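Everything on this sheet refers to the single structure shown next.
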Amino acid sequence: MIIIMKNDATKEQLKVVIDRVKSEGLNVHLSEGNNRTIIGLVGDTSKVRNVGFNSYDGVDRTLSVSSAYKLTSREFHPDDTVVDVDGLKIGDGSMVMMAGPCSIEGLDQIMECARIAKKGGATVLRGGAFKPRTSPYAFQGLEEEGLKYIRQAADAYDMKVITEVMDEANLDLVCQYADILQIGARNMQNFKLLQAVGKTGKPVALKRGISGTIDEWLNAAEYIANEGNFNIIFVERGIRTYETATRNTFDISAIPVIQKLSHFPIIADPSHGVGVWDYVPSMALASVAAGADGMIVEIHPDPANAWSDGQQSLNEKTYLNMMEQVHVVEEAMKKVNGIKLI
Amino acid sequence: MIIIMKNDATKEQLKVVIDRVKSEGLNVHLSEGNNRTIIGLVGDTSKVRNVGFNSYDGVDRTLSVSSAYKLTSREFHPDDTVVDVDGLKIGDGSMVMMAGPCSIEGLDQIMECARIAKKGGATVLRGGAFKPRTSPYAFQGLEEEGLKYIRQAADAYDMKVITEVMDEANLDLVCQYADILQIGARNMQNFKLLQAVGKTGKPVALKRGISGTIDEWLNAAEYIANEGNFNIIFVERGIRTYETATRNTFDISAIPVIQKLSHFPIIADPSHGVGVWDYVPSMALASVAAGADGMIVEIHPDPANAWSDGQQSLNEKTYLNMMEQVHVVEEAMKKVNGIKLI
Amino acid sequence: MIIIMKNDATKEQLKVVIDRVKSEGLNVHLSEGNNRTIIGLVGDTSKVRNVGFNSYDGVDRTLSVSSAYKLTSREFHPDDTVVDVDGLKIGDGSMVMMAGPCSIEGLDQIMECARIAKKGGATVLRGGAFKPRTSPYAFQGLEEEGLKYIRQAADAYDMKVITEVMDEANLDLVCQYADILQIGARNMQNFKLLQAVGKTGKPVALKRGISGTIDEWLNAAEYIANEGNFNIIFVERGIRTYETATRNTFDISAIPVIQKLSHFPIIADPSHGVGVWDYVPSMALASVAAGADGMIVEIHPDPANAWSDGQQSLNEKTYLNMMEQVHVVEEAMKKVNGIKLI
Amino acid sequence: MIIIMKNDATKEQLKVVIDRVKSEGLNVHLSEGNNRTIIGLVGDTSKVRNVGFNSYDGVDRTLSVSSAYKLTSREFHPDDTVVDVDGLKIGDGSMVMMAGPCSIEGLDQIMECARIAKKGGATVLRGGAFKPRTSPYAFQGLEEEGLKYIRQAADAYDMKVITEVMDEANLDLVCQYADILQIGARNMQNFKLLQAVGKTGKPVALKRGISGTIDEWLNAAEYIANEGNFNIIFVERGIRTYETATRNTFDISAIPVIQKLSHFPIIADPSHGVGVWDYVPSMALASVAAGADGMIVEIHPDPANAWSDGQQSLNEKTYLNMMEQVHVVEEAMKKVNGIKLI
């Protein structure tokens, strides 16, 4: 942390700030510039993280240098973390494919989706039993009935299950059926829920908030890791911007950024990212080329009649065609990763 | 709802869409343009809200005409709703002032804040016992102990209590001490929590999400109203944008926009809005002039040593000075509201 | 400027960076922390503003401490600048009102607008002769003919003229007719144009860019001031965000922020700010209460038939009613400004 | 265009709107819903594009259905446009590589950059002679001297030249040296400049505005096309958002979106897109996989000492390594494009 004094700060004002810092057991280094003094704090600056230095007379502003998250940080854990989902590895260099409908609508529908998903190479089946809906009048999900269906379909096709858990009240229930717990974008900073899923020890797919910063996202993962649960998978699903040609703005740079700052794997969600089905394939290929550890896409046997997100769901033909293309790029990436920077 | 067909859509494609619409019990009106056909849907369009029409062959796109929220809407409830907080009215034309520290740090501190708040004209005391912190290592709040303190301080100064409830697990506890339940920005779309606070029937201060749209915010209120709870107060606290000179961008237009679209009162939170203490007073005056039903500000006896949000908290002198100015503008607004549009 | 070394930076890497800094004639102060070294630069850091220190081995990142703009900064010019527009003062504590149509459509129209504007208390007449249109097929303005009309109308009502100049080619022409040159939002960073208007010495109303940061805006003013022209008026006209309920998000905090960082006056443009006529009056009142040095609004005798921006233009009745309310708040603000912070 | 009447609109109010529409020579189709009437306009709606229907009594709002741009639209020009740059084709299915320094600093530097660029497979040399700088005190470019150097270097390595033109005053000069005129992000809506470069008939690389919408971008291209110049190349360079981990948010979805809506080619600028050199390679690969028609990257022999944008420039080693990887993905994409959707 750095405290920048104003141009006209007095010696007394400087002393007050320095004394406050030292009272917390930290040390200071002063940079006496031509115009102003800059104070560098030495020690455990988390102790003064919340001190309102900006309110001190003579202080212009403070700048934070270190991040709050530790367990999540690659600085403290240089090697990649491989998340083990009951035998299925995520983050080990292979690309994990997850596919399924936005909502579980019935046993037949989820069975058909599982068939299609598997056919395209997916090893994890997605489907929502508890749906976060902007309006209270929209379909909220089949709940436990839906969980039973998706478990049944996944087992029939030897796949894992990823599904969203929206609150602590249903956490135990969801844990009975899911292999991976999904935390939705609107819950990225539902801190109590993060702690709760952290305590389960189960793999958690943490979606980026609708306008979540990379820093908030990493700190959200820290809530989970702080409970001893290192089975965390980041999911980039697009961020909110002014642009309306796409549902969100798919921030593909999150892939290299997260991979640099953290050791947890990151997968892409191009379906929510762009929100328009015919843009999804190119975003999927881009994600593979950007180095994503995997992908999660929405499919439906009959998108026109899907109960939710029909406009971004892929039908069987489009999905299988896309997966064929994805595999080509996957192969190319193996070769790419072998081209070392000398 | 309107479905816009592509320029080259065929008669058969048009028929498929029309048949689907009619199968839901709706009617259609066709606008046969020079280039394209536009289909207007007549009837309860919520039935087809989630049909993926965009996936139909020949369809260019759909446009939504009506909103999902009803109970919240002024169209269905033309008169202002006055929220009654155990005798204190919000939304009746008077300006309600709420003030207090970001966090409750101890009995002495909250007592002192209550004294200052009251002196400036506040009738509601704010203070956080459960704090939403980006990092798990930051101070999380005094919890029940904090609730006891703020209740004690409020009672000592004949004030009401507003405090944040972060999860259902602590809802009953918070209800024992608070007069107004605050739903924080990060929980604007925590739908389960909204339903839970809705069920209590207690007044709810609903903060706008960090990047919440007006539409999402109104629909979030709908979750609460749908439980039969019409004691809703909107709180504009700034939105996330690219600008870094302020902590958020205080969207003062939310005041007239919400007042046009909904019948629930709206108050301003200039403290979080700008995030820098010396900008708070002018934003407070602006809010009064914009017609806000009230305001909520952060104060602290010693902002430099506040445990959180010190950089945006007002000390006693600044707060009292601001309140004097606020009262002047309040008086002016009474005169302004008398200037009728003939 | 501060350079932050990585945790694992070596002594040699540190030396390379220090040597580079010193080679530019600057000095360094080192903060040797527990984990990392932070280098504070002392001297004229503009010399190394563009050195890619981030590319140096061992460097984590750099932080900029001082701003580039100087002449515009209040640090270097503590007193308010009062812009003199041929006798009319802007920034002297009074509120200047500017009103007129979006586009000049004809002599009768601009004459009628001048009559209405004057009646409401405006002293400056606005109107566009050169219109920036998103589409090349939209009405581009009456050009010189329009300039003649607005000059004639302003003279008839003893008002000043403010109108947009879009390029250097037409600058001399516009200068013949205008008292204040307006630089539109899309041209905030048209650096050549800024230099050109700077050279004229005429008053310049500099609109904030569509997504202009405060810092870019201040630096844009610096381009003008650097030509010796201190007759600069900032115009806050709303910024681009994700929200669609309003045309832009009116950033009212720009008023206190600019007044803190710069000595040039700032006026509000609530018309473009919200883009919906019935929200304009409350935004106007809010601007007065926020301390704006003035305001510029769009009016039209018949908004329904305006050639541009009809949806945000005020008709005579609404405008006069609003101005009555504005004057009440203006009076209140005189009293407010007298309430000094002891 | 569609006009939506309010719930309580009267027959008379409806008639006024209909009469106004018909007075412009258009026809109407009415959708009489349960609650409200919707008016569909039939005919050349550009005539009423600027009528302020929202100001009419009884009108709730209007919705625009068709876009303003025509020549740029794929609807009117279904086949891809191949831009011919003096023999070099852009948009013909091959990937064009453009590389070079941010600024031309001297003959030796640009010569060295050309050598490196060519070695990596680039066929177009970039370099700025006129630099758009946020601050007036920053290096503004070598101007004509710089143009001479880049031409010399490009000729030495049999490459084309792309360089930014910032104003009409220097347009003729830049035309003498450049093969492709670049319009910078800050000038995307400098309409006069767009018309001027349009008139030259020379290839134009049109960068997306800092917060440019897809629609504004397409309309900006329309200004150029409207002058008879169809040699337009879109350049996605990232958009401004709240995220600060990257300099901009690289909107990779612009590639498929533009390719759907327009027939002009689009290339990616990952350098400005992310603004941090070590994220550039993955963004480059992602762009290839997304289907970009080409790429433009910043390189420098010694980024640490670059006069501008050093933090995002690639040194020779990183650039050559990246290009090797790019070629692998390019090859894979040929195979991908052969996988047809049956």
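A, B, C and D label the chains in the order they appear, each numbered from 1.
What we mean here is this: a contact is a pair of C-beta atoms (placed from the backbone, for glycine too) under 8 Å apart; a residue touches a chain by one contact, two chains touch by 3 or more.
Here is each chain with its UniProt name: A, B, C, D = 3-deoxy-7-phosphoheptulonate synthase.
All of these numbers come straight from a predicted model, not from anything done at the bench.
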Subject >> Longest centre-to-centre distance from chain A, chain (CA-based) >> reply: C
Original post:
Rounded to the nearest 5 degrees, what is the angle of the rotation that puts chain A onto chain C, matching CA atoms?
Top reply: 180
Original post:
Counting in whole Å, what is the centre-to-centre distance of chain B and chain D, each centre being its mean C-alpha position?
Top reply: 38
**OP:** With chain centres taken as the means of their Cα atoms, state the distance from chain B to chain C in Å.
**Re:** 30
Subject >> Residues of chain D touching at least two other chains >> reply: 211, 215, 240-242, 244
**OP:** Draw the chains as points, connect those that touch, then say whether the picture is a line, ring, star, complete or other.
**Re:** complete
Original post:
Of all residues in chain A, which touch chain C in the complex?
Top reply: 2, 4, 7, 29-36, 38, 40-43, 63, 65-66, 75, 211, 240-242, 244
Subject >> Residue ranges of chain D touching chain C (in the complex, touch as defined) >> reply: 20, 46, 49-56, 68-69, 132-139, 166-169, 186-187, 189-193, 195, 209-211, 215-216, 219, 222-223, 226, 240, 276-277, 303-311, 313, 315
Original post:
For chain C, which residues are in contact with chain B within the complex?
Top reply: 211, 213-215, 239, 241-246, 249-253, 255-257, 260-261, 273-274, 278-279, 282-283, 285-291, 317-318, 321, 324-325, 328-329, 331-333, 335-336, 339-342
